[in-house]
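The structure is given below, and queries will be raised subsequently.
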Amino acid sequence: MLELRLVQGSLFKKVLDGIKDLVNDANFDCSSTGFSLQAMDSSHVALVALLLRSEGFEHYRCDRNISMGMNLSNMAKMFKCAGNDDIITIKADDGGDTVTFMFESPTQDKISDFEMKLMSIDSEHLGIPEAEYHAIVKMPSSEFARICRDLSTIGDTVVISVSKEGVKFTTKGDIGIANIVCRQNTSVDKPEEATVIEMNEPVSLTFALRYMNSFTKATPLSNIVTISLSNELPVVVEYKIAEMGYVRFYLAPKIEEDEEETKPEV
Amino acid sequence: MLELRLVQGSLFKKVLDGIKDLVNDANFDCSSTGFSLQAMDSSHVALVALLLRSEGFEHYRCDRNISMGMNLSNMAKMFKCAGNDDIITIKADDGGDTVTFMFESPTQDKISDFEMKLMSIDSEHLGIPEAEYHAIVKMPSSEFARICRDLSTIGDTVVISVSKEGVKFTTKGDIGIANIVCRQNTSVDKPEEATVIEMNEPVSLTFALRYMNSFTKATPLSNIVTISLSNELPVVVEYKIAEMGYVRFYLAPKIEEDEEETKPEV
Amino acid sequence: MLELRLVQGSLFKKVLDGIKDLVNDANFDCSSTGFSLQAMDSSHVALVALLLRSEGFEHYRCDRNISMGMNLSNMAKMFKCAGNDDIITIKADDGGDTVTFMFESPTQDKISDFEMKLMSIDSEHLGIPEAEYHAIVKMPSSEFARICRDLSTIGDTVVISVSKEGVKFTTKGDIGIANIVCRQNTSVDKPEEATVIEMNEPVSLTFALRYMNSFTKATPLSNIVTISLSNELPVVVEYKIAEMGYVRFYLAPKIEEDEEETKPEV
């Protein structure tokens, strides 16, 4: 039997809103240590990994490992029916073919339960090795979202170039060229407003803006986004979920024909 | 001659917004006692009844009974031109074929008048007998609107079941089943937040959510909605208009083939 | 070389948003005295004139007169990427075929530059003679925008009639007739709420509401709009830009067949 109770239920809503555009159907894997998901997007280009550790739940019971296939857009429809202050409980019987979502209003005057059919989804769990990254950028998640949105009005791809002084986002389109530079800045009033760059060596990589924009749907989960870049590896765009885990997005860089264009020049 | 002056003119706007999706053309009946309307929706399934008593107006003059046929969406277009704080006056001459809406800004600096052609509409006034209902639910109108909207993302019909403990709203669709229970609750800080159930016998009835959602367009008229249910009768969904009258919606229940499903089980 | 720096960069955004619906491509003319534009709308009915005087800029350098052809909707896309508090700099080299827009966040932590190709646009500068107007109406710009929007739900043209007591806006459509009268009113708490009428002789002119509604896109530029009317001349709808200049829209009146209808009758 599975029973997960989360008082701050709006977090589930944000997680779903953050990944449902990218992933249609996915297996949620529950074990005694936590609730997790790993799935490729429907075009098999980007990878999403979610982890919610058991310690973050008010009540967490998972008698045996269970993998539940769910349609995320249906699930999101149901979670939209939860109030923002509702307590959310996810329940499933071992071997059952349904999952139940229970939403309790803070005053306990309104209690909703939604039952959804589970699906059988083929999936292989990819091992994602811990890696060393050439550069790690931490910046306000809303700023990153704004930059991806702004650049996508001009072009289709973004070159992210990191130097010690800052991170540069560049795009090019029919109407012109755009460069946005965010300088390293740690002397801010609130830590979530800082832009912090850890750099071992300069890096400059090109990505499809379409995916970057999808990743930024997870912005409400965290004030800070962490972008880890390496020349040989997919970028990792991570939104930490306070005291519980994270949502991570992985995306392979595009190989540019004209290497000149992608040199770091911040 | 007809002349009705309402200082709180935004109320007329809300009334129109509340019924114009359901009713296209309708006769407004004016007499010395008040301003009223009774009309079937365009698919002849639901009935709307509006009453604004003469006492609620700052000035109310109606020399003789008059029935004015109006197109509600045209009327709503005109009323949209009234400011929320405007004083609204409705004027018509006996035997004339137009009606005039006058909007005065609170400072009297802006005065608008809109003249609309009247229509000739065939309609028969249905006598709605006073009835005894098995159960009467009073609840926050915004909560009822939220429930109807939420459930319509899952299914097409709602089963409303009332027991002494509460009222249950149930729907079923391709993606799953949803139950929302609102418990009787009278110990709230504000009376408009109470859910109050008067029940003579348990009742469980099925309705098309599409109509329920249309009815909830009247939500801005009142903090409280009253839902009166009886096994043999159309449901009445009533929004009281403070000190003036009401908007009431009537809808016949659907006959379920599988009676088991509609039993009250709150 | 051209370099114009405006600390209150949002003003550029508002100017563009105010004129981009009306004008597609236009030449921006820069001289030592200021930054200006004059363009017909795409259907060659309305004329837009913009002036931003050099004194209004924090830094203004224009070595020689230059006329830069730009696509306004592309330009608006780029300016949308500027934050509302950003400092905006426009830069161009003499004889170059690009213009650069630089956006600096107030903290200087984020610096964007957008490079746009210039276009070659044929245009003739119309001399607009200073004229005497029969009537000049100053009124809150939001009120004028509201009236144009409201009337366009009823009809296609507006008759603007000015008398000493006020200004009347009239339209007629299939669903009815609308008159909105704004009375002269100078005894208001805030000067921007006044409606002030200077009248030499009564005037009543008819205009296409479609254009009037386009002009009101410039409403965010100023709390006050000035409407100058004369029987033989195009109306001038002017939004002053504080301490810098103005956006003016010119529109020729329609010739009504039935002159009776357009007589002033406020």
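Labels A, B and C are assigned to the chains in the order they are written; within every chain, residues are numbered from 1.
Note that in this section a contact is a pair of C-beta atoms (placed from the backbone, for glycine too) under 8 Å apart; a residue touches a chain by one contact, two chains touch by 3 or more.
These figures come from a predicted structure and were not determined experimentally.
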Considered without chain A, the complex falls into one piece
So chain A and chain C: same face meeting same face, with over half the numbers shared, or different?
different
Approximate Å spacing (C-alpha centroids) for the pair chain A, chain C
44
In chain C, what residues contact two or more other chains?
none
State the interface residues of chain B toward chain A in the complex, per the touch definition above.
143, 150-151, 153-154, 175-183, 185, 195
Quick check on the complex: what are the chain A residues that touch chain B?
71, 74, 77-78, 80-81, 98, 107-117
